[in-house]
Structures are given as structure tokens and as C-alpha cells.
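Two complexes follow with subunit A in common, the first pairing it with subunit B and the second with subunit C.
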Partner chain A sequence: MTRAAEARPALSALPAPGRRRTAPPGLRLTLALGLVLVGASFAAAVAAPLLAPRDPEAADLRARLTPPAWARPGSPYLVGTDAIGRDILSRIIYGARVSLEVGLVSVAVSGVSGTALGLVAGYYGGWWDEVAMRLADLQLSFPFILFAIVVIAVLGPGLSRIILVLAVTQWASYARLVRSETLVVREADYIQAARALGVSDGRILWRHVLPNAVSAVSVLATLSVANNILLEAALTFLGLGVDPSVPSWGGMLADSRNYIQTAWWDSTFPGLAIMLTVMGFNLVGDWLRDRFSPRLQG
Partner chain B sequence: MVRYIAARTAGAAIVLAAITLFVAFAIRLTGDPAVALFEGAGAPSRQDIERIQHAFGTDRPFVVQYAAFLAHGVRGDLGTSFRSGQPVTAMIADRAGATLLLAVGGMAVALAIAFPLGVYAATHRDALTDFLIRVASLLGLSFPNFWLGIMLILALAVRLRWLPPSGDAGPASLVLPSTTLGIILASTLVRLVRATLLDTLGQPYVRTARAKGLRELRVVVRHGLRNALLPVVTFIGLQFGGLLGGVVVLENVFAWPGLGQLALQAVSYRDYPVVQGVVVVLAVGVVLVNLLVDLSYGLLNPRVRVGP
Partner chain C sequence: MRCGHARTVRRLLAPALVVVLGGLAASVPVGAQSPAQSRGRSLVIVQAQDPQRWDPIATFLLSWGMVGCNLFDGLVDRGPDLVLRPGLATGWSWISKNTLRFTLRRGVTFHDGEPFDAQAVKFTFDRLLGPEGAKGPQQGNYTSIDHVQVVDRYTVDFVMKTQDPVIITKLAGYGAMIVPPKYIQERGSEYFSSHPVGTGPFRFVEYRKDDHLTLAANTRYWNGAPRVSAVTYRFVPEAATRVAELQAGRADIAQGVPVSQAGVVKGDPSLVLMPVGSPTVIEIRFDPSKPPAGDIRFRKAITAAIDVQTIIQTILQGYGHRVSTFQSPLSFGNDPALAPYPFDPQRAKQLLAEAGVKPGTDVTLSFPSNNADFREAAQAMVSELASVGLKLSLQPIEQVTYFSDTIPHAKTGQMYEFGWGGWTLDFDNTAYLLYHKGEYWNPVFSDADVEKYLEQERSTNDQKARLQAFRALDRRLYDLAIDFPLWQQVNLWGVNKRVRGFVAPPDDRVRLLSVSVQ
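Moving on to the complex of A and B:
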């Protein structure tokens, strides 16, 4: 089926041409909230040394498992300390670095490589297209968690391995998406015209084909950042992820489990940080989807 | 239809071949198991290594090893654990029940949440319900599943002492893990139930049913829900791979003695035959479920058979 046929019902739902589509107020509010949350996590990651009240590594065994300041007035630790007396707030602020690094780098790597493959596969077709799409099918039918377990078992845990696992498992989504967008415009008049003028294939792909795919890719990429932050936290929590000595939200939650009976704050706040950051990216991604490509659902 | 079944089955076979090949190859990259056996026990002699390599069969070419792995695997022999010396198949059989129970329990909770809410949302289309559904599914998508598990332990096991926090001690132990899994799954399922039901309720035959004067409940259940079920069931079947991810993580949170725990322990002990066995068994399960969903979908809906 061609994309034009798929798109028809969605088009008829849009307002008449000429009238600019304005987002309902609720949507703009959620976008604002999303941007605030994403902005806060970026600020924490970039300015961690300025924002963190203490050294995230400094342990003080006399202050171990101190409750948050409001639960014990006079306590200098705003959201309490962990089992070896490190300041939880400072560790959360520094932990934003790991989450954002994994989320952004993995999406950049898989997004760029998947987009390039999809462009070439869709534009040239032929055996290359066939091979790339069958590989994508294979990749997508390998359950993520199993792939991650095998790769980490072989290579050992670590930040770079997590990014590798995420990038390798996700290029296929971008390749498929970009390929389908490319197929739509491949035979369009303006592409034919460019070809007739002798424009090189590389330039046609870059200037005339790629811009058509950018909005769909940006939606997928934003939602993937959210998802990858969750996956990194889960893998680190399982001991398959980031080195335990680096402050990370998943690692903090893993450490907190032995103290769940006595120190609720230790397992509450790092999770809250993950949730708010992920929610921020999800809100922005949802807004982009509603704005640019309503066809991309869930 | 025969062609459709043949094509799908061949596709699944290729996927399984590729996955097993990848897993077997990757596990061989981890180094020589004969050397690993001596780790921390002094330097072994060359003869010792060769003897053990011969016993493990790791002195043969990779292709031969892979063929032997497949041939044994098909007969239910996945090798023996480096650590415990037990057959991997027996260790997996021991744990598979717990994993299956958690998966089914989580799915049951998800259905029990998603269907009533989805139907309600589709039949009461107003700003408030739509808003609440959006917020709930956004929360579900943003919640780390393991953190939801920890928070439920904190509230229901530590504070209120209603349920055991972890382990496998009778049916009460299943409540927290399957609820956690179910809530996460339900957050996407609600949206799907709502969307598909809205779609079917807009069909002409539903208008006809209403025009006949049938009661609204009957229209929604018999004409709407029944036809909305197919895409929802398909979705559930295809979510199996993702469900597995949740199961592995939550087994860890709740110390639930399933296959995920077995695999994670094997990773930390570098017990590669066990890692390989569990991954292959779970991958086979996921691919088979997906194949069954594809086939039953083709059976129920002739239109998909012409697709690629």
C-alpha cells in the first residue's frame, strides 16, 4: 500500500487548508511542562558541580541513612543520605549525566546510522534494500533484554556497552521509518527534476529526500531518548549497566534495596528523578508527534 | 493459506537460526571455558587445557560446535552448567514455571485493568476521561517498572504489611510482582482498547444494531467489543518480547525464582552454557508466540494473507 492511501483518512481529519492549525491550550501546557522537565535535567547534568550541595562521592558514616530535612528538622541533607552517608540530592544531580549521556548518545548513533541506511535502501532499492530490511526484521525480532544479556555477558558491563546495546538494537526502527518516507518521495516530480538537472545522488538525498523524513525521525528520536533512559536505568539496576562507582539513578536504586525497610527516601528520590526526566522527553515527543506526524502512533 | 503458513514458518525458522547462531558465536567469544575453569586456581598445564577442551568439545571448529549445539538442543540437551555441573535443561525446567506464572499473572492484571477502563473511556468520550487516560498512560510510560515494584513493596509490604515483599512463598507472593507488571502493561493497553473500540463503534453495522433498538450494553459488548478483540489480542501476542523484559527485571526486584534470575546469576558467575541455554529457550518462546499470533491472525482475517 502506498503511503498516500494510508494518509488519506488522517488528512480528512485536518482542518481545511489555509487555516492554521493551532494546538489546544492543554497541549501547549503539556509541552511547557515537558520542556521544563527536560531543561531541568540538562541543567543538572551540565552544571552538576555548581548545583550539587556536596561531593556526590563523599561518604560520612556518622551520617548514614539520615532522613530528609523535613522529616528530621535541622538535618543538613535535603532528601537524606544513603547507606554510607553520601548526600542523595548531590548524587541525583550528578546521576543526570549518565542518564542523559546514554539517552542522547545511543539515540544519536542509532538515529544517524538507521537514517542513512533507510535513505540508501529506499532510494536505490534492489538487493541492498532487501538485505537491509531483512536485517532490520531480524534485529526487531530479537527481544531486547535477551540481546542485552548476551552482549553484556560477553563484553562485560559499562557505560559504553550500554550505549552499544541500545544503538545496535534500535537502528532498525529508524531505517524502516526513513525508508518508507523515502519511497514516497523517490518518484516525486521535484526529485526527477533535480535528477534531470544532473544533481548528484548524495545531494538529492541530503537536500531533497532527507528533509521529508526529519519530522518523523525527530518524533521517534525524542520518544527513544525517554525509553533509553528507562532501559539504561533498568540494566544498571540489574547490575548489567553502568559501573557502580559512578553515580547513576539505576545504580542508586540498586544500592537502596537492602535498606528499603529502614530508609524509604533512599529508594524513592532516585526513581522520582528517572520518572520526571523520562516524562519530560515523553511530553515533548508526544507534542512533536501530534504536531508533525499524527500517523506515528505508539 | 498454505503459502502464508509456509512463508511465516520459514521466516520464524530463519529468525531462530540467526538468533542461535549469534548467541552461540557471541558466547564463544568470551574466551576458553577450559581456561575459565581454572580461574583463580593456579596456572593449568597445557595438557590439562587440551584435555578439558577436548571434553568440552571446544577444540573443534565453530561450525561443528554450532551444529552439535543445535543437534543436541533439538533433543533437549543444552549442555551442563560450568558452576553446578547440572544439565542446563534441568535448571531451566526448574525455573520456567515461575517465569510463566509471573508473565500470565501480569497479563491477567493488565487485562483486568485495561478492558474496563478502555471500554469506559471509549463509551464516555468527554474531556475529563480523555485527559485522565492520557495522564495515566503517560505515567505508565514514564515509570521505571522496577521502581514501581519498589514503591509497591514500600507501601504494601513494608508499611502496611499486607503482602510479602519478595520471594516465592505461596500465592500471596505473586500478587505484588504481577500487579507491578500488569500496571505497566495496562498503560499502553488501555489506549489500544479505547482506540480500537472507538473504531468499531463507528462502523455502519453498529449503527444498524442501534437502529434495531438493541440496548446500548448489548451493542457495545456484542458488536463493538467482540470485533475490537482481534487487534487487541494480536497486540498482546506481539508484546511478548517486551513483556519478557519486564519479567526479567521484576523477577530481580521481587527475588522471584524464574529464568531471568537464572540468566542474571549465570552472567555474574560467567556460567556461559546457562546464559546461552536460557537466552535460546526464551527466544524460541518469543518467536513461536509471534508465529502463532501471525498464523491465527491470518486464519481469522483473510485480508492479511496477501501482505508481505
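Moving on to the complex of A and C:
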């Protein structure tokens, strides 16, 4: 990147390197929107007890399937109640916790383990590389949903199992990405120099190789958060996810599908919550990709 | 300006989503000939479950009975009115204390042309009571029969090993369906299980696992030819999809319409919703080996903390009847004098305090994950138990695992959902299999008094004495609160108006002999 920027000033028609760093106005707008959406979901997750108007698990059966307040003036439920008579808005706000927890923790676990394996495989090569990459091939060739069903059938459903399934199925993408970055970097002069100076392998990996991979990993991680939120919703929808009484967006969709023709609000609002959060992460992820890692552009 | 714009977007977006999603659920072609009409005289039924094994001795599923009653006949027949009448036998009588004689119907043939006679009856019961039957779940229902004796070509004697007050009813269902001896001997049981042959009003045409089963009318049926030409049973596990298929006209009859969709079926001008009280009852069972469920005060606290009546009125929209023991009012042995435990959260708190159960104690409720109505009820229970200081965790389990592993191996939480068909309409079958020590469905519970009453009602044919024993048993189970019976299930059937003569059966056995289509 530095080299490219140095070559450019010769062509006066191109913007100066400093100018290039700011995104075009359209991109800035989408970034802002993305940040607002992601920020809103974080705020909901962190401050749920303060933001939620009601207890998300308190059911009032007699008020079940109350339409949103604008459709029934005077109703105390802003976006209505579900089939058990729980406040949908409060459940959506609390549901952000499950979605973000799954999205972030699974990405953290798979990202860290995948990156570590990728670094080792790429740097040492040989036997390490063979084992790690064949494992990755194995992992990538296994259908996700089958794997998820098997794991959950054996271990039983639950939030931690979902995180486990997502982490186990995704480390391979990070490992491959980081390995390829490492392969490029390890032949670089400054690595050779560091090695000649007697710097330990661990320090070289940590200080010199890893920083080169971080930008690509962060792009992949951000996009994966969005993807994993969707997968969590899908698994919970299939009944493989969290305890049905714990508010989660996928669970809300699953519970509401029988009422789609009679109580549209029951499924629409959790659906919108998923859509907007995933969109937010995708917008931020796209921006990061454009900014840091042009090679990842599809 | 901006504000107005935002509101417009919101107003457009929400309904647009609903239209898109709703469109996926049910799309009805406009103007085109309805798919229902284009099927002519053939009928399509959508049901939730594929029983997979069509051999009568290899199943215990209501979904089998739904199809099996059209393929097979028993010596005795029980229609949707639940009255017993002659089937393949024209009459029967007890010729001694332990011998039951049947006179068989003449001129009946199996679908493959094989004649029906006393040999077929003997073959059927030898098979059921022998090693082949031992592999399946039906044998246990018929162990009171010692053997069947051929008297002449159209007369058989059932020689009884023990008293069995419910034997006539049992001969009208499941394991007692008469099967063709030559066909099974030549082709083997495995082939028979996927290519069933009986004497019923419809004959087997085609079966594709987890997809459909097709039957064609048996025009030589002894009780007259069916009015429809063929019937296809399609297996659709997802309730909303069954309703959508019905609405779109791709199915004529839908089994198991969920309460949440009752309004949809009712509101459709081309469909009729038929509710019918079933022998199926739903309850929460306790596993007394898992604390604190071993404490009767805890169990009674649960019965006082859950407002079953409100759950029935709201979540079930009234399609359910409160029960106090684990049997429907249709069941012989039910005691209408026993009132269900009342909803009383104060009492629940008091009982929990007496039992030393600390506020915030975690208890688990297991249930099969595909049961949509119970799933909602369970979530309401979470809220109700929270208000008496219990933290209820829900554990939905995939249904095959649930019934084949979780329950029989006592891997449930302290509480678990249990539904039971009770097709014999006699409490004996239910009570013995559920409360007798060491039964498949009862890995944990045992009680000396319960065993005593079970023995009493089983050992006599005197219905008065049996009823007395049942009442004592009812009382004992009620006092022990070893389970918490919730409601008698009301089954909802969705039927296209072109179907005539359909009677919603309480026992899921949809008789198609007199059904016709317009």
C-alpha cells in the first residue's frame, strides 16, 4: 500500500495520497448508517433493563396478540404483544443480547483460533501446514446444517452449543486467510532481518506477521458477525437454539410463524430487528473491506 | 417533511413484509381452476407424521391408525362414534370363562386375492404373539390371549391366558388387524411392512418414505365399494404448511390444524373447521428421582401455580377440556367427581416454603420440540412459575429422541410433557403402561397402592368392580400428584367443502368408505 502511494504522486491527475484516505460521500453515509445500526443494537444489548419498557418474560395471557399501539390506540404495548401476551418491544431489546453474544463470541473464538493456526501453518509450513490445511478442507467440506444438527442432537440445545457450532465451523476461513497473508510476509526482507538478528519466532509472528493479517481478519470478522447473527436466528428458528423462553430474535420468529396471517406484528418486528442489525454489520464490514483490504473485493 | 417521509416508509414497509411472508405461506391462484377440482374423485389428506412401518404389529402411532383403518379390518370394528360392531367377524360370544368364540364373515378376500378365513386369523395372532410380534410394541397389548384355535373354516376360538376386560375393544385396532398369511410367508415381514395388504376398503398402491402413501379403492370390499377412487396421504410435519396446502386446494383434508391457525381455516369460504374431542390427554409428569420433584409439596405447588384454565381459554382458544386425572371423559375409569387442582399462587408459595424450595430454584421442563401448542403453554408457565419464585427452564427435545430415549431412560428435567392417546377408551391401558413399575414409559415411579388397584381392575371382567378399582386408583394418583393432568385435547380438522360425508374421528381413524367428493 505504501509503495503504491509513493508511485502515485507522479500522476498529477490522481488525488494526493492524503486525500485518498477519506471515503467518497456515499460511502461515508452508508458507514454512518451502519455505525448507527450497530450502535443501536449494542445499546439495546447493554442497556436492555433500562430501555425495555417491561419484563420480557412476563406473560399476560389475556393480552395476547395485542396489535401495535398505532393500530389500537390506548394500548400500552408499542409494537404489540406475542402469543403469550409478552411485550414484543421488550423482547426485541433483550433479544439483542443473544444475537450479539452469539455473533461476537463465536467470531472471537473462531477468529482467534483460526488466526493462530493460520499463522503457524503459514510461517512454519511443512507438516504443520499440511495438518492444519487438511483439517480446514475437512471442515469446509462438511455441510454446516448437518454438523449443527448432529452437535445439538448429541449435546442438547443451548446458547453455548450454538456458539461452539459456529466457532468450530468457521475457524477454517480465518486459518486460510491468515495463512495466505503469512506466506507472503514471511519471505519479506524485514522478517529475514529480524530472524538474522535472533528475534524469536513467537515475537516475529506477534510483532511482524500478525499486524499484516489483522486488517483482512477484521473485515472477515465483521462480516461474519452479521452472518452468525443470521445463523443463530435460523438455528433457533429450527428449534436447535436457545431456550424458547429466553428472548431471542430467531426464537421470536419461530414462535410467531403460525400467526403470520392473523398477527403480522408478531413476526414483522423481530424480522426487522434481525434485518437492520445484520445490515448494520454488513455496511460497516463493507466499508472496512474497501478501506483496508482491496484484495478481498469480490 | 422528513418526518412524513419516515412515516410513509414505515407504513409501507411493514405491510409489504407481511404480504411477502404471507404470500410464501399461502398462495391461491386467482381465476385458474382450483387444484382441488382437477383431482376429480381422488382425495388428498395431509397428516403430520409418516409412521414408516405399515405392519400393524410394528407400530403404536395414531398416524398409523389414520391410514391403517382403511387398509385393514379387525374382527371387530369401531367407527367414529366409538361403538363396537362386527367387522370381519359377524358375531362373538364367551363359550366358557376363558374362551371367546368368533363367527367369521364369508366371501372376504385380501387385496392380493387370498381368501380370508380362520387360518388367517390364527396366523395373525400367532404372528402377533410370537417372536415376530415381540420385536414390535403391539404384543404387550395382547398378552392376555393364550392362543387362537381354528374350529372350522369360519369359526375361531380365542383361548385366554388371563382375564382381559378390554379384549373386544383391542381387537378393533392396531395389532389385531388381520393380515394375509400366504403373502407374508412368501414375501417376508420386511416387504409387507412397506407393501401392506389387508382386507380393507382401500388397497395399497405406492409408498415413498417421508413423502406420501397412495391407496386405491377396493371395489370388491365386503361392505360396499368406496365412493372416492383413490386417496393420497401426504406427510407434512409443519402445521402451517398443512394449512397452506389446504387453503391452496392441494389437499382436501388436513389433520392437526394448530389452534393458532383455527381462525385461518374458519375464515376461508372454501373450508370447514371440524373440532373433535379426542381420547388424547396432555399432562406434565414429574420425575420423582430428581429433586425437588420427589417432594409432594413441590408437585402440588406446581399444580397450584399454573393457571391451566386460562391457558386453555387463551392459547388453546377453548379447544381443550380440563382434566383431573390422566384420561379423557370418554375413558372408562374416569371419575368426574374429582375436581382439578385449583389455581392458587398464594398456596403454591406456601407449599414451596414448606418444602424448603428456595426462591429462584431452577427447574426444567422438557417437551418435544414440534409441539407448537405446548411450546406456547410452556412459555406461559415460565412466567407463572416466576411469580411464585421458581425459575423454569424449557428444554425442547427433538420428538424421536424424546420418545425413544429421553423419557424411557429418565433423562428429562424434573417435569416433562406427556401426551397419551388412550385409544381403547379404558383407563387400563393408560394406567398400566404409565404407572406400573418398570414399564417403558415409567422408568422411575412406583407405589404399592397403585400396584394393588391396577391388579384389582385387571383381574376381573366385572365392570362394576373394575370401575370401583379405577376410582380408587384415580383418587390415589390424584392425591400423590405424581403427574399434573392438564387438558383433553380437542383435535382440529380442516376440510375442503367439496368433501362430503367426512366425520372427524376422536381416535384419528379417518374412515373413508363413505366419504365422497363433489
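Convention: the second predicted complex is superposed on the first by the 274 of 298 C-alpha atoms of A that agree within 3 Å, B and C clash if a C-alpha of one lies under 4 Å from a C-alpha of the other, contacts with A are read in each partner's own complex, and residues count from 1 in each chain.
Assume a residue touches a chain if its C-beta (ideal position, glycine included) is under 8 Å from a C-beta of that chain, and two chains touch if they have at least 3 such contacts.
Because the structure is a prediction, the values reported are computed rather than measured.
Asks: For the combined arrangement obtained by superposing on subunit A, do subunit B and subunit C clash, or do they fit?
Replies: Result for subunit B and subunit C: clash.
Asks: With both complexes superposed on chain A, which partner does A:64 reach: first (subunit B), second (subunit C), both or neither?
Replies: In the superposition, A:64 touches subunit C alone.
Asks: Does subunit B (first) or subunit C (second) touch A:214, or do both, or does neither?
Replies: A:214 contacts neither subunit B nor subunit C.
Asks: Using the touch definition from the top, say if A:112 reaches subunit B (first), subunit C (second), both or neither.
Replies: Neither partner.
Asks: Which partner chains sit in contact with A:138 here, subunit B, subunit C, both or neither? Use first/second/both/neither.
Replies: Only subunit B; A:138 stays clear of subunit C.
Asks: According to the stated criteria, A:257 is in contact with first (subunit B), second (subunit C), both, or neither; which is it?
Replies: A:257: touches subunit B and subunit C.
Asks: Given the touch rule stated above, what does A:239 touch, subunit B (first), subunit C (second), both, or neither?
Replies: both
Asks: Pick one for A:146: touches subunit B only (first), subunit C only (second), both, or neither.
Replies: first
Asks: For A:226 in the superposed arrangement: first (subunit B), second (subunit C), both or neither?
Replies: In the superposed model, A:226 contacts subunit B only, not subunit C.
Asks: Examine A:279 and indicate which partner it touches, taking first as subunit B and second as subunit C; both and neither are also allowed.
Replies: The answer is first: A:279 touches subunit B but not subunit C.
Asks: Between subunit B and subunit C, point out the one touching more subunit A residues.
Replies: B
Asks: Select, from 2-10, 182-190 or 398-406, the region of subunit C that bumps into subunit B once both structures are placed on the shared chain.
Replies: The segment of subunit C occupying space taken by subunit B is 398-406.
Asks: Can you give me the overlap between the subunit B contact set and the subunit C contact set on subunit A?
Replies: After superposing on chain A, subunit A residues 153, 239, 257, 260-261, 264, 267-268, 271 contact both subunit B and subunit C.
Asks: Please output the residues of subunit A touching subunit C within their complex, sorted ascending.
Replies: So the residues of subunit A touching subunit C come out as 57-59, 61-62, 64, 83-86, 153, 156-157, 239, 243-245, 255, 257-262, 264-265, 267-268, 271-272.
Asks: Please name which positions on subunit B make contact with subunit A in the complex.
Replies: It comes out as residues 11, 14-15, 18-19, 22-23, 26-27, 29-30, 131, 138-139, 141-147, 150-151, 153-154, 158, 165, 188, 191-192, 195, 241-242, 244-245, 248-249, 252-253, 260, 263-264, 266-268, 270, 272, 275, 279, 282-283, 286-287, 290.
Asks: Using the touch rule from the top, collect the residues of subunit C that touch subunit A in their complex.
Replies: Residues 13-15, 17-18, 21-22, 25-26, 239-240, 258, 260-261, 263-264, 307, 310-311, 314-315, 369-370, 372, 375-376, 378-380, 382-384, 386, 392-398, 401.
Asks: Where on subunit A does subunit B make contact in their complex?
Replies: Per the touch definition, subunit A meets subunit B at residues 26, 137-138, 141-146, 149-154, 226, 230, 233-234, 237-240, 250, 253, 256-257, 260-261, 264, 267-268, 271, 274-276, 278-279, 282-283, 286, 297-298.
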